[in-house]
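Paired with chain B in one complex and with chain C in the other, chain A is shared by the two complexes that follow.
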Partner chain A sequence: MTPQGIWRPSFFEEAVPIDSPITAAIQPSYKALIPPALIRRMSRGIKMGIFAAQQALDEAGVSTPEAIIVGTGLGCSEDSEKFLRTILDNDEQFLTPTSFIQSTHNTVAAQIALRLACQGYNFTYVNRSVSFESGMLDAMLQIHSGEVANVLVGGVDEISDHTYSLLQRIGYIKPDGVNESIKTSQTQGVNYAEGATFFLLSGERTAESYAELVDVHIINSVGEDEITATISGFLQGNGLTSHDIDIAILGINGDKAFDSYYFPVQEQLTNADVLYYKHLIGQYDSCSAFAPAVAATVAKHGAAQPILRWQGRPQRPVKNILLYNQYRGKDHSLLLVRTC
Partner chain B sequence: MVELKEELKGKIIEVLNLEDVTVGDIQDGDALFGDGLGLDSIDALELIVLLDKEYGIKLSDPKQGKAIFKSIETMAAYISENRTK
Partner chain C sequence: MNPRVAITGVGIISSIGNSVEANLSALLNKRPGISRVQNFATTQKDSIWVGEVKLTNAELVDMLGLPHSNNFTRTALLGCYAAKQAVQSAGITLPNDYRTGIISSTSVGGMDYTERYFYRYLDDLSVQPYITSHDAGDSSHKIADYLGIKGFVSTISTACSSAANAIMMGARLVQAGRVDRIIVGGTDALSKFTINGFKTLMILSDEFCKPFDNNRKGLNLGEAAAYLVLESEQVVKKEKKQVLAYLSGYGNANDAFHQTASSDNGEGAYLAMRKALEVAGLSPDEIGYINVHGTATPNNDLSEGRALQRAFGDSVPLFSSTKAFTGHTLAAAAAIEAVYSILSIRNEVVFPNLNFDTPMSEINLVPQTELVYRPIKHVLSNSFGFGGNCSTLIFSQA
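== the complex of A and B ==
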């Protein structure tokens, strides 16, 4: 679920870079998936999560996963804002139950489980920009330890007017009226959006598998001068060097103050074709969940679509894909994905 | 009374976010819960808050709700007799 619409085979061919400070995800019809009596109480984040989760399950050919893990930075912030606004506007009187019930961060994972009648492990990570990666790490450990055979894991965040207006006021989101893409960005802040991305991870390769998730690494704080050493250590731990990376998918978002973290990484990964994706889906806390979708597509098809390429390095056969993301110099994550 | 009923229908649609339902779709005698409009117990709590906020009526006995919220007709009658604003 993205500002480009839902996930589909022609997604990248039809995608158009966004250039607005805040872009909503294009919403499909939910009526086939969610009963009308439930839809009317659900915020966009819940509906997007349910839709994306079902798409992942359908593609994997799994009806009920053994575990559900969701990463979200702000959770169901629309209902949180509504509930808090009611408290203020009505002087702590007339508090209605609906927005309170669905204002908690774990509502998305819970609603997915309720709909699927999944009574397995259900967890929500709320770790800002590594919320999704925390979920991926947990999912990988659950499978490696033999706790479960498969895990539905995803990231969700929704636009909420007041929160986004505050982020705009402090310069995290570009001001209204500024229309810059990531490549033409000259002003402070970035283009924000919302979305939901889900995957079905399993311990076995199947005919539907896109790629193998090899490793996940999360670091809260790293200096610009330390990032290449951190990446080298991560690759070394997986028996690789920087020369072995064929594709690097970076979280470049057009923030002049912090995109500099990605410059030495591009120098370090000399053989890698560098890709970016936030020009298509925007920035939000769990937006990096889209990077594995890019990796999976590239791994499956063996080449990157032109709209994803940051620079014109020659492409070579794809085996090892490194994903690196950070937000404002914090919450760094590294994922290693391999063709299978 | 007619005006109050129409106002009530509009407020219920708005508060309960009844998508695809218009004021014209709700008949005065239609059941609000069960087979009629299909409302549930969470909606009942929303309606209690609606009575308090919009008409100054506090329902001290929850058992009263069943009769009051039977239909738009019964709600409007109770509001017109007990409203404080």
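== the complex of A and C ==
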């Protein structure tokens, strides 16, 4: 679920870079998935999560996963704000429980489990821009150890008016009226959005498999001058060097102050075709969940769609794909994906 | 069999004490920490009882040696206080050459400041530094920075089971060789948001809570933070560390019954306990004490009681809820109760379930109401949360 609409075969052909400070995800009809009474009551984050989760399960041909893991930076922000406003505006009186019930960070994972009657492992990570990657690491470890055969993992965040306007106030989000894309960005801050991206990870390669998730690395704090060494260490641990990476998918978001983290990486990965994706889906805490979807598509089709290319380098056969993301110089994540 | 995970340090701050020793002393002397709210204004003040830490934010700032101009929420302050204790108790100086991480957890995050400045944030520059303290990851980042941890940092929020899951994921990372050491636990401050939230669900008692009692009226909320230091066997051997206890089992399941209520037969709780026993390689009769979730809501205690009977049959081990001492400290609950479980093993004692008079009419289960001294090899600790999240941890003698 993205500002470009839902995941579909023609997604990248139809995509148009966003250039507004805040862009909502285009909402589909939820009628086939969620009872009408609940559609009205649920926040967009819950609905987007349910929708994207079901899409991933459908693609994989799995009805009930063995585990559900969700990453979200701000959680169910819309309901939190709603409940908080009622407390503040009415001096702690005349409150109803619905928005409080739906305000807990684990609501999306819980609602997916409830819908699927899934009694397996159920987790929610809430650590800014590595919320989703924490989930990927957890899922990978459980599959590797043989605890589960498959895991539904996703990232979801929703726009909530007050919270996003505060992020604009402190310059994290570009001000209203500024219309810049990532490539034309001159002002402070970035273009924000919302969305949900889910994956079904499985221990077995199937006919539906897009690619293999090889490894995940999370590091809270690393200097700009240390990032290439960190990447070398990660690749080395997986028996690779920087020359082995065919595609690099970077979390470039147009923030002049912090995109500099990605510059030395582009130099380091000499053979990599460099891709970006946040120009299509915007920035939010769990937006990097979209990067493995890009990787999966490229792995399956053997080439990247033109709209994803940041830097034109000669393309070569795709085998190893490195994903790197950070936000404001913190919460760095590296994912290694391989064609299968 | 998974490699064992050693617990080499613990730290805690709760309404019954600012140290492990103070908490133990309160538990041994049946001294609860339940009072009226003092640290902030709420119209609910006279109708509820809470487990509040009687230190102001300013006092905590001084005790932590932080600059007076900072943007630490109470959740972060409590977290730093307990995490620092845990690291000290493990005899660790940070940073060092071991790969060290932290997984914290919180349900309320920075809501204590958000509810104070929500509207003022828009045009009052002086309070705007707190805007970025709102999210749940903030307190974990603050603790990591305060301790000097730069590697793996993450946060879990699964309502009232959060810290159990942080401990579980920490164990997984140690077992997989992803980290050498990890600090795991949770922190939650009292806030108007949670008080009013639980109030609307009508599960707050206007008296001292009575876990597992037939006439229980609901829970008392609390605030706390607690952390454990988990280390791999290799590090323990190399550094000749004293091991306080081992984390030997963990289980996580979802009740998949209702967003806030537990199922009648406690299916999720039952599955979590069974899984934890399986991971630990223990049979039910090897458990010496159960620190139950026991929130004292009508729904939880009956559902958990039924799950206990399903998991343990006719011979349910000695069990008690320590929530009548501390209140229900939400995301921190599983962490403070992990500390109590370790204290139970080390001091060979079962802590009493306070305020209990009458057994539940539906099931034949009576909690331990007096202190009992006896050797305890394994303690099972339950934590359940909204969203059907059920987690069980098993701690074993070193």
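Following the convention adopted for this analysis, the second predicted complex is superposed on the first by the 340 of 340 C-alpha atoms of A that agree within 3 Å, B and C clash if a C-alpha of one lies under 4 Å from a C-alpha of the other, contacts with A are read in each partner's own complex, and residues count from 1 in each chain.
The working rule: contacts are C-beta pairs under 8 Å (C-beta built on N, C-alpha and C of every residue); 3 or more make two chains touch, one makes a residue touch a chain.
The shown structure was predicted, so the numbers you read here are calculated from the model rather than taken from an experiment.
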Room on chain A for both chain B and chain C (clash or fit): fit
Touching partner for A:K330 - first (chain B), second (chain C), both, neither: second
Which superposed partner A:A24 touches (first chain B, second chain C, both, neither): neither
Superposed model, chain A: greater residue contact from chain B or chain C: C
First (chain B), second (chain C), both or neither touched by A:I6: neither
Touching partner for A:A117 - first (chain B), second (chain C), both, neither: second
Partner chain(s) touched by A:I101 [first = chain B, second = chain C, both, neither]: both
After the two structures are overlaid on chain A, angle v-u-w for chain B, chain A, chain C in degrees (C-alpha centres, nearest 10): 70
Partner chain(s) touched by A:P36 [first = chain B, second = chain C, both, neither]: first
First, second, both or neither for A:Q93, with chain B first and chain C second: both
Superposed arrangement (fit on chain A Cα atoms) - minimum chain B/chain C Cα distance in Å: 8
Chain B/chain C common contact set on chain A: 93, 95-97, 101
For the chain C and chain A complex, residues of the former touching the latter: 2, 42-44, 107, 109, 111, 114-115, 118-119, 121-122, 128, 131-132, 134-137, 140-141, 144-145, 149-159, 165, 169, 172-173, 175-176, 178, 192-193, 196-197, 199-201, 252-260, 267-268, 271, 385-389
Contacting residues of chain A [partner chain B, same complex]: 36-37, 39-41, 90, 93-98, 101
Chain B - residues contacting chain A, complex: 15-20, 38, 40, 42, 45-46, 49, 52-53
Chain C-facing residues of chain A, complex: 68, 73-75, 80, 83-85, 87-88, 91-93, 95-97, 100-107, 109-111, 113-114, 116-128, 130-131, 134, 137-138, 141-142, 144-145, 162-163, 165-167, 169-170, 218-222, 285, 330-331
